[in-house]
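Going by the order they are written in, the chains are A, B and C; count residues from 1 in each one.
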Amino acid sequence: MRAVRAVRRGFTSLALTLILLGSGAGLMALKSEVDRIPRQKIPGASVIYIPSGKFLKYATLGYSSLAADLIYLWAIQYYSTYTVVDRFQNLEHIFSIIAELDPRYTDPYEVGALIAAYEARDLNLAYKILDLGLAKNPDQWLFPFEAGHYAQMAKDYETAKRFYGKAMRIPGAPEIVKRLYAAAGFKTMDLKTAWEMWLEVRDTAADERTRKIADNHLYQVKSAVDIGVIRAALAQFRTRYHHLPVGLEELERVRILAPVPRDLDGRDYLYDPQKGEVSPPSIWWKR
Amino acid sequence: MKIAAIAVNTFREGIRDRILYLPFFFAVVAVVFARVLAILTVGDRVKIIKDVGLASISLFGMLIAVLIGTGLVYKEIDKKTIYTLLAKPIERWQFLLGKFLGLVLILFVLTAAMALVFLAVVLAHTSTIDGRLVLAVTFIFLELVLVTAVAMLFSCFSTPILSSVFTLSFYIIGHFSWGLQTLIENSRPGPARVALRALYAVLPDLENFNYKTDAVYGLKILPQYYAFSALYGLAYTLFVLALAVLIFKKRDFV
Amino acid sequence: MVTVLKVEDLHKTFASGFIPKKRPILKGVSFSVNSGEIFGFLGPNGAGKTTTLKCALGLIFPDRGKIEIFGRHHLDAGAKRRVGYLPEQPYFYDYLTASEFLDFYGQLFLMKKGERKEKAAALLRQVGLERAADLPLRKFSRGMLQRVGLAQALINDPDLVLLDEPLGGLDPLGRKELRDIIARLKQEGKTVFLCSHILQDIEMICDRVAIVAGGRVVSQGALQDLISEKVLYTEVTLSGLAEEDLIDLGEPVSVRSDRILIKVFQESNVETLLDLVRERRGRVHSLVPRTETLEDIFVEIVNRS
């Protein structure tokens, strides 16, 4: 009798262990399967459906600046997710929510504007966001300055002049703004000029934030220049050998491009041999 | 002093109740987690740390205030420890005041501990201790004292679950008062407006104690604003306590 | 004869529930307790014993009636200072130790620190808890809680001690100890007021009792006055006789092969029975006269009301 009971007890514990292991393994397998399914959205995307920032401001019960921080953090991840192709649809909406929640938070205005300018290629939206930032923070000369810069790069000299003028009048704006305002009419903003401009802003920066922003812009300019150079070298390689190189170091070996330029931080550029595309290792505004 | 004896006893009883360490632990985790979050952001990292830190102290402090405020008085009534206590030569208001002061002491100790962790993390990142942050935490504490008083008031006549719901409603209403303000501005002058105005005057305005954003941006606040907020907090707390004493005075302990 | 506790025409109705349903509990309770006596307050469950006691302590506010303690209004601080109270099924703070607990209550009487420590230690010794002095109260058994409850009731050396069902839930040894403590309190000149429905213990220690039923005091007086010395019947256990022999003499309660237990209702029949046993060379194993007990009176009075 006792032996039978012992056997039965042993059997139940064995069965339990097997069930535990089985379901645990099943869990993990399923999760990795689900993760492999390509997704349209990333988690947290329901933020898009919030009607307005004003509503959220009440709903967050005094924690509005924290909410602004969290939504901003989410937005950074969201706009870095290149698989979500229509992500720019809600750019204005999301960044206006952040502005409502914490109007004095300067980082989102900048990042929102540059995403609009460089990735969504919607300059008007970039101007809008920067203007909003200036409205809420009248002492920030950097907002109209960047707006002017984007305008000038797009060869919209009227708009550039207007923005430089705004920036000029704000106390604390550096000398270069006045020069740009004067030169906006006739000087094209090529990469070389942009480099010099941001270099000056960085070197005369009164605070760490301005310096960092200028440094990021410098990174972007340098990578634009470098990528252009590398692309030209790749074209040359293809003409000579009728196929793309396996890696960028091949360009060096055959002396088409020696040395291969590195980014502002000294890192190598990323090269995709299948498509022959070059890209910078860091997202410049996220440095 | 009898009130002091009850306060010390309440403190001892409460601080030994390990349930309080849960929100405290989470607050510390949140402040440390702020550091992790800060790495993900583009731009000002310290702002994230300050925002999360202050919000954690406020949120978990609120949790602690509701937990101890609703639990401790109700527990005395439910577990009947109150019988022998009130049979002693002590007035009921002395009992309530003693209990309240004990709760405030617990709250003070836990809030101070959370604040120390928070300020230490900020110190590690900025090498300074901003006096305004300390002020923001102080006013968070004042808000919590008021919430504790309200929680205690409700626990004098209802169960912990109901009391928690009521206290949380008080907190939510307290942060919505500017919605009421908008409503008043948009309404036509008349009896409705007068009623709304009266309501606005009586309902708590907990945004008065919210100096979190100002502290993070280092904005200048005139000392009279601070003074007014402190006085408002004290006055409202006194009002709530008086209400509690009134309700408690003639209660039969079956 | 000083009246220590006087209750006059106490009324209390409870209204409970969302749509208040009135429940009258006390419908005119009156009694008085004299100095130096052990007074028993008896009644069936729900009669209003605890309610009366709580009214006296200011835990419940009566609708009508007067309560005086030591000649003063019962809510007077001076009155409360001389009273000690042990509630039914006491429960105390989980996280305090016994010493901390007594020290805390001592503070409420504004006792000085040294005095408090002495008194607490002495009381713990008196109730047999000196080894558990530093144990947190949540680790106390029911009996231990009862004892520490008694200790806190005596912390201020009260002249009037109010005990609500103090003997409930104690084992026989515990009950004996408590009875002894109560007797000792009387010796010290204190007055003890005892609510209970365990009549055997009341009978053993009380001087005067009041029986409350249906919200009123239906009987009040000295125990010896209430219970007559009259013998109701005599229980005899004997052997050596057959059941048939005993038919006229009494009522057999249990009949076994070797002995018979019989209730004899008349004194004279007891004599006859003893003669019969001697005659037949039987044996009497026990002879117990059963007098009227408090239980008999109690049941009779309560059923009458």
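Everything below uses one rule, namely that contacts are C-beta pairs under 8 Å (C-beta built on N, C-alpha and C of every residue); 3 or more make two chains touch, one makes a residue touch a chain.
These numbers were taken from a predicted model, which means no experiment stands behind them.
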item	value
Centroid-based (C-alpha) most distant chain relative to chain B	C
Central chain (distance from its CA mean to the mean of all protein CA atoms)	B
Chain pair with the greatest number of C-beta contact pairs	B-C
Interchain centroid distance [CA atoms averaged], chain B/chain C, Å	48
Separation of mean Cα positions, chain B and chain A [Å, integer]	40
Mean-CA-position distance for chain C and chain A (Å)	83
Numbers and ranges of chain B residues touching at least 2 other chains	none
Complex contacts: residues of chain B adjacent to chain A	37, 40-44, 47-48, 51-52, 54-55, 58-59, 171-172, 175-176, 178-179, 206-207, 210, 212-213, 216-217
Of all residues in chain B, those that touch chain C in their complex	2, 5-6, 8-9, 12-13, 16-17, 79-81, 83-90, 250, 252-254
Residue numbers on chain C that touch chain B, as the complex places them	14, 51, 54, 57-61, 77-78, 80-81, 83, 85-87, 89-96, 100, 104-105, 107-110, 149, 152-153, 156
List of chain A residues in touch with chain B within their complex	58, 61-66, 69, 72-73, 76-77, 102, 104-107, 110-111, 209, 212, 285-286
